[in-house]
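Labels run A, B, C and D following the written order; every chain starts at residue 1.
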Amino acid sequence: MAVVLTHNTYGKSNVRLTKVTRLPDRHELAQWSIDIQLDGDFAASYVAGDNRNVVATDTMKNTVYILARDRDLTDPESFALALGSHFLADYPQVALCRIDIRVEPWKRIAIDGSPHPHAFTGAEGGRRTCTVKSTRTERSIAAGIDELALLKTTDSAFRGFYRDAFTTLPEVDERIFATMLKTGWVYNETASDWNVHYAQIRQTLLQIFALHKSLAVQQTLHAMGAAVLETCPAVEEITLAMPNRHQLLVNLTPFGRDNPNCIFVATDEPFGLISGTLRRE
Amino acid sequence: MAVVLTHNTYGKSNVRLTKVTRLPDRHELAQWSIDIQLDGDFAASYVAGDNRNVVATDTMKNTVYILARDRDLTDPESFALALGSHFLADYPQVALCRIDIRVEPWKRIAIDGSPHPHAFTGAEGGRRTCTVKSTRTERSIAAGIDELALLKTTDSAFRGFYRDAFTTLPEVDERIFATMLKTGWVYNETASDWNVHYAQIRQTLLQIFALHKSLAVQQTLHAMGAAVLETCPAVEEITLAMPNRHQLLVNLTPFGRDNPNCIFVATDEPFGLISGTLRRE
Amino acid sequence: MAVVLTHNTYGKSNVRLTKVTRLPDRHELAQWSIDIQLDGDFAASYVAGDNRNVVATDTMKNTVYILARDRDLTDPESFALALGSHFLADYPQVALCRIDIRVEPWKRIAIDGSPHPHAFTGAEGGRRTCTVKSTRTERSIAAGIDELALLKTTDSAFRGFYRDAFTTLPEVDERIFATMLKTGWVYNETASDWNVHYAQIRQTLLQIFALHKSLAVQQTLHAMGAAVLETCPAVEEITLAMPNRHQLLVNLTPFGRDNPNCIFVATDEPFGLISGTLRRE
Amino acid sequence: MAVVLTHNTYGKSNVRLTKVTRLPDRHELAQWSIDIQLDGDFAASYVAGDNRNVVATDTMKNTVYILARDRDLTDPESFALALGSHFLADYPQVALCRIDIRVEPWKRIAIDGSPHPHAFTGAEGGRRTCTVKSTRTERSIAAGIDELALLKTTDSAFRGFYRDAFTTLPEVDERIFATMLKTGWVYNETASDWNVHYAQIRQTLLQIFALHKSLAVQQTLHAMGAAVLETCPAVEEITLAMPNRHQLLVNLTPFGRDNPNCIFVATDEPFGLISGTLRRE
């Protein structure tokens, strides 16, 4: 029987990088977790154990630390581009390099309202990510947010959906809308300052979530994505995934009490999962 | 600015189903976790909050329990096919239905070597999965194993790889090969008994892992995939992902001791991640 | 052989309570996870399956929702006290009631700098907890913080420790000090406003961590605990546990580069674990 | 204000040790995760940053690897005793040494029914643990099992419990009994072969769980603990904790179907938590 290797990729995951930059008035801190994946001329290793083309994943790890020493870590996107350029420039056997970076969300401790120059605590609301794919002719730059917890206590309805013999869900005008947003967007050529874009997109997402009168999770997702495209011309496409972390109204009737949208039980499972991708026409 | 919704999908995740079938001589137990995702004519919900076509995810959950009551749960693949058929048959607005099932690994408690008729404990070695995608014209049936821990203490080398100024990894003839296999395969039309196929594929993977003289994780991955294709004609394609959970030799020289491939420290990160897809030619 | 049941306790864990209080100008949100454990005259259930004294754990869950409907949820401590009083008052067979509450860290989304009246996102820095133990004659009220991430990039040394033939760690004047604080404190009779105390203690911990010139994790832990006792007279005793999440200096010498306390690899394991309890004399 | 340090302890956690013993006919594999905690004369480090008595946690880590090189790793209990003896013998400032070991559950891959000499996969059913506390005059040796999944589909009732206005739970003669056992026991002076004891205790727990006609989780817990004390004279005391991972009967009446104890939804939370300690009289 003939077997063919139709796809292969390999690399190093969870390379943990911390860089401290000691400026006169403050320390800058970057703590990132980095994944590297290479596609290219590596089939001989799979088929025959011939490793001559194989860049050891240990070497990839070393490369992260070396490039981090040589460069300023202003933003994860630039560093991912630099890693991609390095692997393509130094290794002719590499056709495609994919870099994923997750940013540890540190923020400065505030003392009497002032940010401390070298002490940090965990920041609120989500984890910044980026994904850069580089080949010798093209590259795509994407960024995103993981695990952004969102909840609103009103302005969320779900009515007029399809009903049949398997449907028991009542229509509601008021429900808690709780989710853990995961989103990623692709930048176009006009993108300039990744940190500015990120802050603006994050704030847009929070704001539209808060202000939207939701007729469905789907509709709010669409409104949030559309607002990002409208606000940030550097974004070409955005994908959002919103688990519907249902909070169920507790039945207090057996105990002689009403429950006017007041007491809920939060659930993790099962959960609705709503996804959508929007782009400029 | 014009915004277009280029893709959307939604559904219910982690629907937990347990079915007990009370036979005269024993109880059969199935405990599965099920995800449902639908593609189709749902854009109006996203764009305008018009939910007329929306099958509530709560209804999807109900459907799991109703169909599980009506049918024998012989294997997850058949049940996923039945769910797909149901959603396509009852809802004209559905174009594609994807079902993912994860099987909770229960095995019977053994007493004096005999399996008990109604008491169970956690089974060894990995979690069975399946993914069925159904449209009105086609369907694909895939199965897999998640979190299959594997380790061998010898017959694993890594030599002759590419070296440059960023390379410090020594070549080795002997190392511990430890991984947590995640694999999925696509069945062709000849597939008949999903349980028989699963057991055979799982055993083939374990056996080849044990017997292979590895020159690279890549090579062992390829050998395992090729063996599955050779052993099970019902498999059309297989993808394997093997994290290389490095176990590092501890340097005992500072303490006046040698370490002849004896004492290691297991690490979770960073890890190599090797993937490949093989199919019949 | 005679067997004796020397201790027993039982209850309900992870009762998830959400309460929304709809005020004219804003909604108040409390999302808590609650554990209840009862000690008392329950041995007959263990020894003979005689459940006459057993308060079903399902009833405990109901009780959480009923009392939450009847009361204002101003702070977790008051609610834990109310739960304890209820179980002791209604069930003569209960001798001791322990309530643990974990607070989901929501904060209002800010729009143009103003907190939104009904939309929330995940808050920074740690999770508030409390533990109340009630008997018919005594009660203890403890509170705490879990998972408070802390990191400082300087003002942390570790010198002058014990050395022997098994010691290889170099002395350092500068290291990254990274931890995930877990702390709990016991209130005395002077405690009045649990929310005010909590905010003050949390800020004290952050501030001392930032400002302390650390000669050992132990010393910083002691300084933080002592400051809490000094700042908040309502605290009788405080326990702190600080994992030392080592960040290791990367050796860049093989690559012709120095590393002046600049590039580190964050590690999760192994970790130092330093604990201490301080109280007023 | 006077502050006093009433308790302190410190050490190293999650030291991951793998030892391969290469015998002529097979390789023996031990993969353990080890925590060390020392109590003693360490207050000066907390109070004044005086580290002269402090054994660096890095030294503790080295010690694990050195002693593992020097000794046979026949069982975790012996190794924990050796570590305790070492820390007490070499460091006069240590008063109490606590060692916790968790055993990674590897088992040999079977090929044609024969165990392979050097290839392993994840074993079924729970993780072996031990805890040894050593002082200069005493030592206690405890062992246990974590995360032992157990489920029975019949022979579990819950009737006759206390009812009041807050009780809605129906009495049942038949329910699924699902738990994740965590248990620990203390050996007495007659203990001889820790591996034999462990295997016997584990089998006893499985067997009694399977055979017991349960009137309450409490009663089954007691029966399991009593059986261990009866079967294994080397056990002085045993503690069991059994979360009641409720599987709820699904209401299929709205869909015109009955549910004769057949279709359930597994839940993780809230869960009952039942604990008890038994000892010889």
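Of note:
The rule is short, and it goes like this: contacts are C-beta pairs under 8 Å (C-beta built on N, C-alpha and C of every residue); 3 or more make two chains touch, one makes a residue touch a chain.
Bear in mind the structure is a predicted one, so any value in this text is a computation, not a measurement.
Ranked by separation of Cα centres from chain A, the top chain is D. In terms of C-beta pairs in contact, the better-connected of the chain pairs C-D and A-C is C-D. With each centre defined as the average position of its C-alpha atoms, the distance from chain A to chain D rounds to 37 Å. Centres computed as Cα averages put chain A at a distance of 29 Å from chain C. Chain geometry summary: the mean Cα position of chain C and that of chain D are 24 Å apart. The set of chain D residues touching two or more other chains comprises 16, 62, 66, 166, 168, 255, 268-269. Chain-to-chain contact here is organised exhaustively, every possible pair of chains being in touch. Within the complex formed with chain A, the residues of chain D that make contact are 165-166, 168, 254-255, 268-269. Contact residues of chain D toward chain B in the complex are 16-22, 27, 29, 31, 62, 65-66, 68-70, 104, 106-107, 109-111, 116, 118-126, 147-155, 176, 206-207, 209-211, 247, 250, 252, 255, 257, 259, 261-267.
Here chain C touches chain D in the complex through residues 1-16, 35, 37, 42, 45-59, 61-63, 66, 90-91, 93, 158-162, 164, 166-169, 214-216, 218-219, 221-222, 225-226, 229-230, 237, 239, 243-244, 268-281, going by the rule given at the top.
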